[in-house]
């Protein structure tokens, strides 16, 4: 059987449809790159969440906390390495950027471990309580953020060498967005390779389909789940760090602001499917940017409309995982 | 007579009864017991939030639906009155039109959401309500022509409710305004008690416990849940209208923000899900905390409430009311 | 007498509020094939799932190879050397046939000799080796499910209704495969509705009725006793499938 390529086609279709609406080709390229960059950042944040849900039927409404923590940790590291950030050298900038996002991932990962053990584990299988408890976790986490970092927002300037845009003729491509695209693609490649080539990836894919059978084959799926949860929260931290730098102002509510888009993305993609999440994220990023240009007031509404349209076409999302 | 007023849903605990009585007396005589503009404001807000939290308890505690879009209905009620008073002048006809329009909009939206989403799993539904609520919040900020944008609307209240109105010695419009809020809130609370203690309420609770069995017995769960959503939405809209009539200003921050959603979640869970009285206790606690706790524990009172919330979900699902009733 | 490989004593399992097993008792000796028969709803699948730990017995004892396994988590039970082929087959449709078998072969890459045996018996698996298992037909999925259970040596194979919904030709293939399996080193406990299939393969039989084992003994004796079959399975003369 051929693989189901149809959803993938949606991306160029959307881009092509936007072209006549946008008008100028230079704007179109700028918007498309912006959309891809935003989409990939959201993908990084959402991928862990969709796997966690697919694997153990757990949706962490507090996922935004990992995003926010990532943003704050990355910002603090970058502010501490301020001179490298301000230096007009790409290598020094990256030398500040890299530890910042690695720290963000580490702290978010640890927070994820604590979250799973304390908040999520006692309520496996009870969806109502899960929603309530993870929302409570979000509230507590946001307050703790304010305790540690203070209630004010943090302003962060993008690294000097990554400011501004590359000019290709008429077209301006922001350098930071290119970096976001590269990082996002690396994450996607790493996830895709892990899932398709490694035994753990095999276990995750099988577990998403039928966790019970995986256990009956002798694998302790609980440990696998904790691992996936932690990796998911670390990725959310990475996404948060990048998003914070993108926005340049960071508040404790930063996770909550973007979590709605994350939810829309995983619903579009199909809960449990990394591939679907990838396509969904790109679609959402592109839509947000195209509509943001054409009719800014309805940008979020247009993404909800996108979600509704896709659900009408495929009610379980783009790549529904065949469940037990 | 008291029993039938409370629809046979008595406190069933001495401490709870005492607390409720104290709250009732405190609110009924607030202008005299706690004079001052700020205290009266707190009292009025408590009345409004009791109704809002109770309407959310109907949804969460009695029907088992988690909806993050509940504040949307609150905002619709508030903006309905606000826009009417702004556009149509400060008269009671404007208020009536505003309330009427927002009730219709709230119910229509509740039906739409119910029909399309209630068939979905709990988690899907919750996520979608979150998305819709965010969209409405942004919409309210963007449609500045209608809603006044981020700053909201400022308007004049009908003559009888203005502070300057003095029909008799010692009676001002502000006092009348407060008692309007108080009595309407009381009536709505009693109405909700009546609803949850009716056969309709029993069916809701059966559906909450075991939707498959309820469906098997013959109750069309989607219909019941949609009805419950409509009642909850309409009540929330009325609460919003009351707030608009009290505050003479309405903005996204005061009616649609997620902080409010978090607040009513805390109120209902900590107070006690599925008890109605829990909403009362929770609302009183939270509004008092918001206004007075800051002085005691500093800015992070919400942190402790969040922890209390989590503990309640794990250990005390029936919240404070449940604990009091156990004695 | 050597201790039986598997023994259940007084096993009671509830699912939610429903009492399914009311005190199951039987033994499976090492080697050979035991058929677990009974009408619909007698509790056969529940018994297998309880042995595997997917459902918990709230009372009773389950011993395997001398160990009490009633309270062990499912992965640990599997690692003691029990393989399970559920009624629904539970193959991973998104994974290829090859990947399904990689997962099933816990200790390393699948053994070539075993693969050759599997390919010889279940030729379709070779054809679909690199294709998603979801594309297989019902019969082919059943073959894959059985292949998963035997890709590595296991002491006990629990197989739930392997012939359900299969065409007669494929059933014949299954019978031949099972015959070879039981002559190897594995012990098989097979749930079946199809008595014709059961009597060809079973060495011993345990018949369940209403959550308990109503009869246990040799297959030959049971197959000769039409009255007993009628009583326990509701089979009249000529009602074999």
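Per-chain residue numbering starts at 1, and chain names A, B and C are given in the order in which the chains are listed.
FYI, a residue touches a chain if its C-beta (ideal position, glycine included) is under 8 Å from a C-beta of that chain, and two chains touch if they have at least 3 such contacts.
Nothing here was measured: the structure is a model prediction, and the numbers come from that model.
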Which contact partners do subunit A and subunit C have in common?
none
Quick check for you: compute each chain's CA centroid and the global CA centroid, then name the chain with the smallest gap between them.
A
Most remote chain relative to subunit A, going by C-alpha centroids?
C
Round to the nearest whole Å and give the separation of the Cα centres of subunit A and subunit C.
44
Rounded to the nearest Å, the gap between Cα centres of subunit A and subunit B is 34
Calculate how many whole Å lie between the centre of subunit B and the centre of subunit C, each centre taken as the average of the chain's C-alpha atoms.
57
Contact set on subunit B toward subunit A in their complex:
64, 66, 121-124, 126-128, 130-132, 134-135, 138-139, 142-143, 258, 262, 265-266, 269, 299-300, 302-303, 305-307, 309-310, 313-314
Within the complex, subunit A is touched by subunit C residues 52, 54, 73-75, 78-79, 84, 86, 88, 90, 92-95, 99, 102-104, 106, 131-132, 134-135, 148
Subunit B-touching residues of subunit A, taken from the complex the two chains share
53, 59, 61, 119, 122-123, 127-133, 135-137, 139-140, 143-144, 146-147, 151, 256, 259-260, 263-264, 267, 296-297, 300-301, 304, 307
So in the complex, the part of subunit A that touches subunit C is made up of which residues?
1, 199, 202-203, 205-206, 208-210, 212-221, 321-322, 324
